[in-house]
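Next, two complexes with chain A in common: one pairs it with chain B, the other with chain C.
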Partner chain A sequence: MELIESKTLGTAAASIEFTSIPQDGTDLVALYSIRATADTDTFNFKLNGSSSNFTQRYLRAEVGSVNSAARSDDDFVTSMPKSGFTANTFSNGSLYIPNYTSSSNKSISEDTVSENNATDGRLKINAALWSNSAAITSMTFEAFTGNFATGSTISLYKITKGSDGIVTTS
Partner chain B sequence: MPTPTYTPLATVTLGTAAASVTFSSIPATYRDLILVANGASAITNDFGYIRFNSDTGSNYSWVQMGAQSSGLFSSSTTTTSWRPTNFDFSGSRIVSTVQIMDYSATDKHKTGLIRDNGQQGSDHVVRAYGARWANTAAITSIQYFTTAGNLNAGFTLSLYGVIA
Partner chain C sequence: MTDTPTKVIVDCATGESTTVPLTAEELAQRETDRLAYEAQEAERKAAEEAKETAKASANAKLKALGLTDSEIAAITA
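Up next is the complex of A and B:
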């Protein structure tokens, strides 16, 4: 796993974008530690600038409930602390996208946790699909409203396939 | 230059549909293994399975939780394989990520953490899965297989080693 780029906000910003993603990897991993300045725990996730053709199903554990919902948009919910949450808390999340240069639709797996007030932990696992055959060349995280807080960090990594010359397959 | 944490050991991209892929001669030089399966199949309402070292005994225990359009679910069992992938609709795309910890240890049963993302038409099944292989042998081979149909051409399986 090789770092492509890591971005940490020195001032609050509405979006964090990775462009010119190299095409010599196999899978992409984005690790994020983010927080919203507004009263929202949602970011919009765009690939190649597109917010279309996303589907999702998440499983979420919150205080007192476990729930699930399907979505057909680019709103990745419950992915970060929002205004009013304990100061200095950020989410801990990952996005995994295999075969990002392929001409097939792109599967996306998201895991994320956040916490508030020592009593309000939130855990979400999310299965998503971007139904688009284009190779992924850019990735954008946009705060649903307001900004990502200062100190929010997103790091993008690539994983490259290959062979060690020892393991055989059949 | 950061140290790569995923060392690619082998990748298979199916040129033609097949029901099984086996990784053999896995060296004991890493701490953990990660297997990533991605693609589509001609399978409906069945699974992708994993076995280690050709062991067909009832030595595979797992517990899962998940969600799909019909609601939340959880279950556990002991059976003859792990079940990392839900193939619900023929042609639907999946990604399953299997982490196998301390795979070369000879003094412990092998444990795994699995995340599964299976397309169900315009919906999905999302699963988290914990598993144990009740065997202290070092893992030297992994078979990923199906029983109800083939993996489609273009299906990929990648095996990585992780250095502690």
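Up next is the complex of A and C:
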């Protein structure tokens, strides 16, 4: 796994976009440690600038509730700690997209956790499909309201098949 | 006056990072996405509440028939 770019916010921002993603990898991985400035724990994920043509099923666990649902509003939404959650804590999240340069639809797996003042630990697992044949050249994380807090970090990696020198691909 | 939300653009080809205000189109899309999400969440919560209400009503009717809590649990678990 090779780091493409990593960004830590020195100033809060509503959106973080990675552009000109190299096309010589096989899979994309994003690891993130983020937090909202607003009292809203959701953010939106876009590929090639688009928040459309996503289908999503999630499993969410929090104090007093475990639920699963399919989302049909076209976009891909996930979670982070909101403003009232434990001060200075950030989510642990990861997102995986295999075969990101292929001309097939793109499958996505994502998981994230956050913690709320020792009273509530939250987990969300997402499976999604982006129905688009374009190779992925940009990836955007966008807070629905407010900003990603200062100190939020997103790192983007690529995995190239056969690059470990052990596995031979043909 | 409210500051316009910003976007940090990280160019993976050059490693350069720039910060720009969201465009009017991006702001509109952000609002559309937020409203769509909130509408679907409201729908999900309403469905969950309706399910809980129906469950409580069903339990009450079973109790009225004379079933005990453990008997109700045995047939609904």
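We take it that the second predicted complex is superposed on the first by the 156 of 170 C-alpha atoms of A that agree within 3 Å, B and C clash if a C-alpha of one lies under 4 Å from a C-alpha of the other, contacts with A are read in each partner's own complex, and residues count from 1 in each chain.
As a working rule, contacts are C-beta pairs under 8 Å (C-beta built on N, C-alpha and C of every residue); 3 or more make two chains touch, one makes a residue touch a chain.
Quick caveat: nothing in here was measured; it's all calculated off a predicted structure.
After alignment on the shared chain A, the placement of chain B and chain C results in a side-by-side fit free of clashes.
Once the two complexes are laid over each other on the shared chain, residue contacts for A:Thr11 go to chain C alone; chain B is not touched.
Seen from the CA centre of chain A, chain B and chain C lie at an angle of 100° in the overlaid model, rounded to the nearest 10. More residues of chain A are in touch with B than with the other of chain B and chain C. Once the two complexes are laid over each other on the shared chain, residue contacts for A:Asn99 go to chain B alone; chain C is not touched.
Using the contact criterion defined above for the overlaid structures, shared-chain residue A:Val63 touches neither chain B nor chain C, since it reaches no partner.
Least inter-chain distance for chain B and chain C in the combined superposition, rounded to the nearest angstrom, is 12, based on C-alpha atoms. The interface of chain A with chain B overlaps its interface with chain C at residues 67, 72.
By the touch rule above, chain A contacts chain B in their complex via residues 1-3, 26-27, 55-59, 66-68, 70, 72, 96, 98-99, 102, 104-105, 107-109, 111, 125-129, 159-164, 166-170.
Residue ranges on chain B touching chain A, taken from their complex, read 2, 4-12, 21-27, 36, 38-40, 65-69, 71-72, 93-95, 97, 115-120, 122-128, 154, 156, 158-161.
Looking at the complex, you find that chain A touches chain C at residues 4-5, 7, 9, 11, 13-22, 42, 44, 51, 67, 69, 71-75, 77, 140, 142, 144-145, 147, 156. Remark: chain C residues 5-15, 17, 19, 22, 26, 29-30, 33-34, 36-37, 39-40, 44, 48 touch chain A in the complex.
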